[in-house]
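Each in structure tokens, the structures are laid out below.
One chain, subunit A, appears in both complexes that follow, with subunit B as partner in the first and subunit C in the second.
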Partner chain A sequence: MSKAKAQQPAVIHKVIMVGSGGVGKSALTLQFMYDEFIEDYEPTKADSYRKKVVLDGEEVQIDILDTAGQEDYAAIRDNYFRSGEGFLCVFSIKEQESFQATQDFREQILRVKNDENIPFLLVGNMADLAEQRQVSEDEALKRAQEWKVNYVETSAKTRANVDKVFYDLMREIRSRKMEASRQSNGKQKKKRDTKKMKCVVL
Partner chain B sequence: MADGLARVLAKPTFDPESFIAKLSGEGEDALLDMKAKVHMLSDETAQALKKNVYKNYSQFIETAREISILEGEMIQLSHFLSDQKSLMSFMMEMPLVSDRAMVQGIKGEDEEKESPEEETRRNLAFLLEKVEGCSSVADVPGRQLVHDGDLVELDAESHAQLQRVHAFLLNDSLMIATWIPNRRGPMRYRFQGLYELDSLAVVNVRDTGPVKNGFKILMFPESHMYQTDTAKAKRQWLDALEDTKKKKAVKDKQKKEAAMRLAEQQLQAALASPGEGDLSKSFTEDMEEEPVAMDRDFLSADWLQELPEDLDMYIAQRNFEGAVDLVEKVNEYLTSCPNGPALKEFRARIEHRVKQLTDGLMNELQVSPERSLRGGPRAARRAVTQLIRLGKSAQACKLFLRNRSAIIKYNIRQLKFEGATTLYIRCLCGVFFSSLSETSKEFIKAFPGHYGCFSAFVIWAKQELQAFVSIFRRQVFESKASLTTIADSVLLSKNHCMELNAIGLDIEFCLANMLDISIQQVIEETRDQLVDGINYRANDDLWRPQNHLTQTDCDKYVKEIAASGFDIKPFVIEKCFIAITMNSIQFAKSVVLFAEDLLKLFTTELEEFIAEAIATVYRAQVKHIEDSLKNESLSKEYSIILKNAQFLLETVMGKIETLYLAQDLALPQQLQQINAHHRKLRAMVRK
Partner chain C sequence: MSKQHLQQTLFLPNDERLITMIPVSKMPRKTNLKKRSNLLCSVLNTMESPVKVYIYHVKKSDRGDGHKKKMAWLLRDLRTVDGKNAEKPTAEFDLLFERVYKWMASSVEDKETFISSLWRLSHRFLIQKPEFLNIPERLLEDIKDPHMLREKSQSVDDISIEGDDYQALSAKEESDLELLMSECQVAISNAEVFTEQLSKQLSVLDGANIHSIMGSEDQVLNLMRLLDDGIREAEQIESKLDSYDNILASVKEQMEVMRDKDTLLTVRNRNHQRLLEELENLQKKLDLDLKYMQALMDGDLTTSQGIKECTEAAQALYQCMNADIHPSLCKLGAVEEQQKYFKKLLASFSKRLIHHLNNLFIHHGNEMGETLSRYAGDIRMPQHSNIHKDLVIYADLMLWLKKVDESVFHELSSVYMGSIKKLYTREISDFMESAKQKLVTAKDPKGKLGASTLPRLTGSSTSLTKIEARGRSGSSHSVDSTGLKYGSEMDIAMRKLERVCIAEQDFCFKFFHLIDKNQPSEENPHREPGPHGESATEAEQEVWVAKQTYSTADSEYITENLGEGLMQKRATVTNRMRQINNQVREMMAKLFPQLEDDLDTFLTHADRQDGMYSMYMLVRMSQHVINNQDMGSYLGKTFGNCLIKVKRNFDKYIDTMMQAVRETKVSKKTRCGIISFVHNFEDFTNLAEAIFRGSDRHADLDKAYTKLVGVVFEQIVRVANEHQKTPKEVVLMATLSHLKNTCLENDRKEARQRYTENLKAYTVNLLGRPLEKLHIFFEGVEARISAGVKPEEVGYQLAFSKQELRKVIKEYPGKEVKKNLEHLNKKVEKQLCEEENLIQVVWHEMQDLFINQYKYYDDLMCRCYPDSNITLDFTIDDVLQYFSDIAQAH
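So, the complex of A and B:
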């Protein structure tokens, strides 16, 4: 087991797929993971995938948590969200309701992560079915700007932009992590001091 | 020679025709010779045949014997095997929980419906067995084990193996226990955490990369990753988790609705009458947690840790003394232990064992047809003593006495009724009363100081006595035995009762009570028979003195009568005549026998009755004398009649009086009055 550990790159980026049921979270994930499109729809419970990828010349691991669109318990959904470092918030461009639901997901994620700048991508899936479009690009873009996030339209079927959304998100996560480590490096001494203080107090 | 011939005849190429042709050519002598030889040969062959048959036969017998021995061994073997099997199943029941739980998990629902309570308790008791520090988990009522299994915990980040755990999915939560290496006994896991299903997120980890069959449990702030051995096991886990979560959600919803309704009602009630809140309740709950660390230290002693196991072993070995010793020791130890959840848990484990132990002991005392009863009370005492030590004296007492009852019953049934009632009764009394006294002695030894049990014993003794009396009555009274036999039997049992007095058990009055009515009846019957007999004989009594013809015969007769207790010498007339009539002698004999028997049956309660019975018989005879005196046709015999009267009223009555005196009793009023008759009779004659 330690061998396996040694082989694995240290960096793991944790991505969480959120969105209403049936918008294609699993389809996107599977397309990214295995380059295949799955037509049959079977509701996901919660699946996690891990894959080694090369991100800008650096080997990293991506850990994808494909959540259930129809999880009943808010408390359990919170638990999923807590484990994520970046979120792909997926809706179906041919389903207005799923677009509306992104609002709730966004709010919940912000509440759980307590971070306005959490790596986040708004993803409009099923771009190949443009003729059934219910959500206009403008509408989606407007919301993305509101949230200060990027909006990408994908097609799990044609693989359009599939890699892009995952890589874009990983880059965001990476830059966030680097920022954080820089900050904590600066803070570390202080932190230790406060810790010591605490000990004394205790 | 014969051998040679036999060889020739036995040859496969033997040709009888050429042999005969050759033989016949050799003349008469040779032929005769040959005939003799053939005869001899046939004789020898017959002999050999006989021998062979015998040999065969003996071999056959030997084989049969071997077979029967083999059969016996096979039976023994099968017994051994069945013993082994029961032992195995017993052992299976003890520590191997998970297998059963798995089976149950698969069978699932129907069993749940059958006896959910029972199963729950058993399952959670198993938890206590296997996992250290989980008493609080097992305490929750209605909690059940749904699924459990061994898992490997992985590091959520690196997927490196961390440790072995055993997970228990309960119907409302998931309990994780870590495996403790190098630990003997059933306690192989330490409680790690209990997670409510409500907030527990399950993630199926797809088999990408090197890790197969993984799944994650997210429970904020922790997240754990576990690995199962097989894909099937993982599927089971995920399904079980999903299923249980759903069931719980449904149940919670119902509960919530019920709670809402209740709250509404309470609200209405509260509006009607303002009362105190639940303040006190929450207060007490807060108080409990503190002394955990203390009692855990207390319980970490080596022997305590191994105690449950040792107990199991002792119970399995039927070393009940050892087990009880241990229980006592631990109880003593625990009383000085500070209270806390760990103690509670430990207690629960011990109690579980104690229950097993008690069951074992009770089983030991149980009367079952296949168990031999020959062990006697001493064998039972062993189990009884242990039960008392466990504080189960009431059960012990009950079982002990039941056991004894069975033994007495068995022993009585072993007795064979062979002709003589008295003999049988003697045996019966011997068996019954010796058992009774044995039991009481044992009881005193086995239950020293448990005075509550003694009343149970007394009641038991009375019941047994009742059973005895019913047998007694059947054998003695209903078999139309003679009064003498009955009196002997009653006397016998009374004497035995007296012996019991020596050990402080007085049941004689009970016996007398139970027999009273039967005795009275039998006395009445006998009395009536006697009176009838007297009246019958009175009809043709001619008051003739007995003529024995010669003096020697007369002397002989006098001696004979003297042997039965009457001195009739003074009544001898002219050497060979005796003034006492045959009838009087007969009456004297029967009335004295009657009195003898009645006095054997004497009790203060029956005193009056007995006296009256004897008096009645006597009166019948006296009346006969009176009638005879009045009878003119018998006027010549007056002197003889008077002599007889004198004999009956003085000698015989004197004899009865001595019988009374022998028992330190005065001659009762009724009989004295009869005695007074004598004078009256004389007066009559003078007239």
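So, the complex of A and C:
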């Protein structure tokens, strides 16, 4: 498999899409991946996507795990939250409930990752449907400030800010990794991260 | 309304006298009408010579007291007077004129008065009297006696109807009379004195009258005399006029003569002028400047100045010779002589010119000036701009020659072709050789690089392994870059070749005037920048400038001939160009006899080097063909042929690739990740997309894709089946998932669908039955239910009693289940390769499936064993906890 590994760009950033059902996680993902907008709604179970991108001149690979919004048991998410390096927490600006749900997602992620500063972006999708807006920008910004994260409004339909959210998140992930590697270079304590750190060094 | 008043206002002005007047009303109409407003009057008109009697219908005018005549009839026209009833007195009566008018008099007396007056009047003035009907006898009879009439009239009416000579006194007469009477107050008392006085006065008046008559005679005589004088004068004037007339008649004749003379004079003048003009024209046409003659005789054909002079001279000569002269004029001795002289001049000059050009061509052909030095990194195709520049100045002379002597012209052109052909053949083969070498050197450095990393690259036979090797050794960039570099190299080579060909072709157009002289040959320079774009080199610019100057020198002549042809659009030009294609193509084929073969060998060579190059070739070549096709040039045709070959090579390359996919073997020992040819395919698509981007040959690529994708899908299944160590589904899933990400838009859906199917199959298969016995037990339960057993009664069957259930459940305590799940998780991790990060997805699917299973069992237990209080050893929360724990364990 060494051959196969060599072919991949050294760095993989694992991004996880979270949020209630029907807020447009898959739409954002597909728009980012293939530049297409899918009108029909079909609930996702779980899908992983991979794409080579150039992030600030460096070729990296982004791995997007598009998750199910409708999940009967939150615990099922634990496993893949575990594997994520950064999260796009998506809600729909025309649905107050989905905004409220972000609180739960945030809590679960923090619990699973046990890390307050995990790369995280609050994303208000469906910005093109401003006339149906239920969640005000101030409200969302306030929550984002509380969490010390950034808030971005996107539209999967018009592709507004779609690239921005993914790239912003990747940058956050990258700087986190660099920080971590600097720390671990000093004292290699955390066994879990060593494998990934090698990649970064490479 | 008194009678006098009416007489005064209405009738007197017309010298009419009112006889009778009765108020009436019209009969058939409203009888209640104001009776007084309508009057019927009989009136005597004394003015007209036979006295006429009118009957007027007078009506009171609407305004004021006045009356107006509404209708008038002549009594003569009255045919019948109908009194209605002779016995019984009645006020009605009818008057029949042109039609019947019915009247109602205000009283019987009035009517009778009126009728009797009519009777009297008609008797008196009419020959044919109207008929009187139903009138009492007494009315008519008592007036029948004319003597009675007078009495009656004097007594009853106060109108006295006198004899014919009676004239009523006018007011003036009356006053005169009164004055007269008043003067002679004696008159009444003494009639005799009065008569005397009157007769005295009469005689006085008579005398005065005669006197005045005598007086007027003189005046009449005077008048007569005056008239006679007038007549005499008139006669005099007439005779004078006659004499004038006579004079004028002679003048007119003279004038006519003069006019005739004048016209004759102008005609003669005009004819003179025409003759002069014609002669001048002829002279101008046939006059050849001495300067020109000198140039033709011994002009210098080696310097541009001399050539220019010669060109002008030759054109002048040509014009002189082909001047538009009336045939009859040609018979003039001087003209004949001049023409003979011209012919001689022409012959000598053309001979000189041909000789010179012939030498020049051969010289250029042999010159081969530049020794073709080959630089390793530079493909060169010598430009012949200097030859063209040297020759292009003769272009006009060539045109002239073509017009003058076609056969010599053809001879010359074949000499040119023969000598230049040699040059081009050698150059092109050298060029191709160096291009080939370039190709090798372009490959070399990379080859070394590859060799150092992976030893098995060198001498690779199939293109596929080459791509693979290259792809793996460096990044996929190197493939792109070398490939693209090669592509651009080839592009440059092609462009150079093209430029030379086009330059030559344009030159031929110009020089040999393959364009009909009616066509805008000036269009050539305009088109030129098109195919070359910005890449025009300096050398070309020189040719360009040379042409420009030449064409401007020439422009006068051209515009003269072309007229609006210059304004025509490009499309029409290209159409026209096509018409003369054959000539050009022939010439070009003769000039570049080896080009096609050389290109062919070059292509074959390149293909042998690496099939991948055929992709570049395809794109570039098709571009060149498109650039050239509207030129309709030889080059376009040649490139077209090459394109067909390239397409064949491309197809072959795709076939090889498909074959390689078919033959792929996977190593059996290692865990199978994504099959190698899928990566290869991905690389290929990336590369191909880069190459074909924006090209209109993309359709070809799409076709190739379809074929390739078909084979790839087919082969994935084959490889997955062959692979022993990894489950088939995993291989399929991983590979397809990869394809899903990288594959082309059209096939993505299919890949995705297949991926989903395989994902499901794999999870179901792998999950198997962690609670196998439970599963069997419940399957049985389900079977019973579907066989018709009521859910509540299932528990009473021996095989599915509560005891049995408890036994089965006991076998799966929570701990055991957790252990099973952990084991499963590890297995999944082991089997899946990391390349696609599918673990999360698969595990998610597993979790889902497991929970669904759990729920299903739970549901069945609720239904079949409602009150037994039997539950599984672990709750759903436990299951979720297990999952969380497994997640945390990582």
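Here is the rule we use: the second predicted complex is superposed on the first by the 184 of 202 C-alpha atoms of A that agree within 3 Å, B and C clash if a C-alpha of one lies under 4 Å from a C-alpha of the other, contacts with A are read in each partner's own complex, and residues count from 1 in each chain.
Methods note: a contact is a pair of C-beta atoms (placed from the backbone, for glycine too) under 8 Å apart; a residue touches a chain by one contact, two chains touch by 3 or more.
Just so we're clear, the structure is a prediction, and the values are computed from it rather than from any experiment.
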Checklist entry - If you stack the two complexes on chain A, which partner ends up touching A:164: first (subunit B), second (subunit C), both, or neither? => result neither
Checklist entry - Looking at the overlay, what does A:142 touch: subunit B (first), subunit C (second), both, or neither? => result neither
Checklist entry - Which of the two, subunit B or subunit C, is in touch with more residues of subunit A? => result C
Checklist entry - Is A:65 touching the first partner subunit B, the second partner subunit C, both, or neither of them? => result both
Checklist entry - Between subunit B (first) and subunit C (second), which, if any, makes contact with A:182: first, second, both or neither? => result neither
Next on the checklist: Going by the contact rule set out at the top, does A:49 touch subunit B (first), subunit C (second), both, or neither?
Outcome noted: both
Checklist entry - With the two structures laid over each other on chain A, which partner does A:76 touch: subunit B (first), subunit C (second), both, or neither? => result both
Checklist entry - Residue overlap on subunit A between the subunit B contact set and the subunit C contact set? => result 1, 4-5, 8, 12, 33, 45-51, 65, 72-73, 75-76, 78-80, 82-83
Checklist outcome for this item: Touching subunit A in the complex, subunit B uses residues 157-161, 198-206, 208-211, 216, 218-221, 223, 238, 242, 249
Checklist entry - What does subunit A use to touch subunit C in their complex? => result 1, 3-8, 12, 14, 33-34, 45-51, 59, 63, 65, 67-68, 72-73, 75-76, 78-83, 112
Next on the checklist: List the residues on subunit C that touch subunit A in their complex, please.
Outcome noted: 471-472, 475, 670-671, 673-674, 676, 679, 737-738, 741, 745, 748, 833, 835-841, 843-845, 847-848, 851, 876, 880-881, 883-884, 886-888, 890
Checklist outcome for this item: So, in the complex, the side of subunit A touching subunit B is made of residues 1-2, 4-5, 8, 12, 33, 45-52, 65, 72-73, 75-80, 82-83
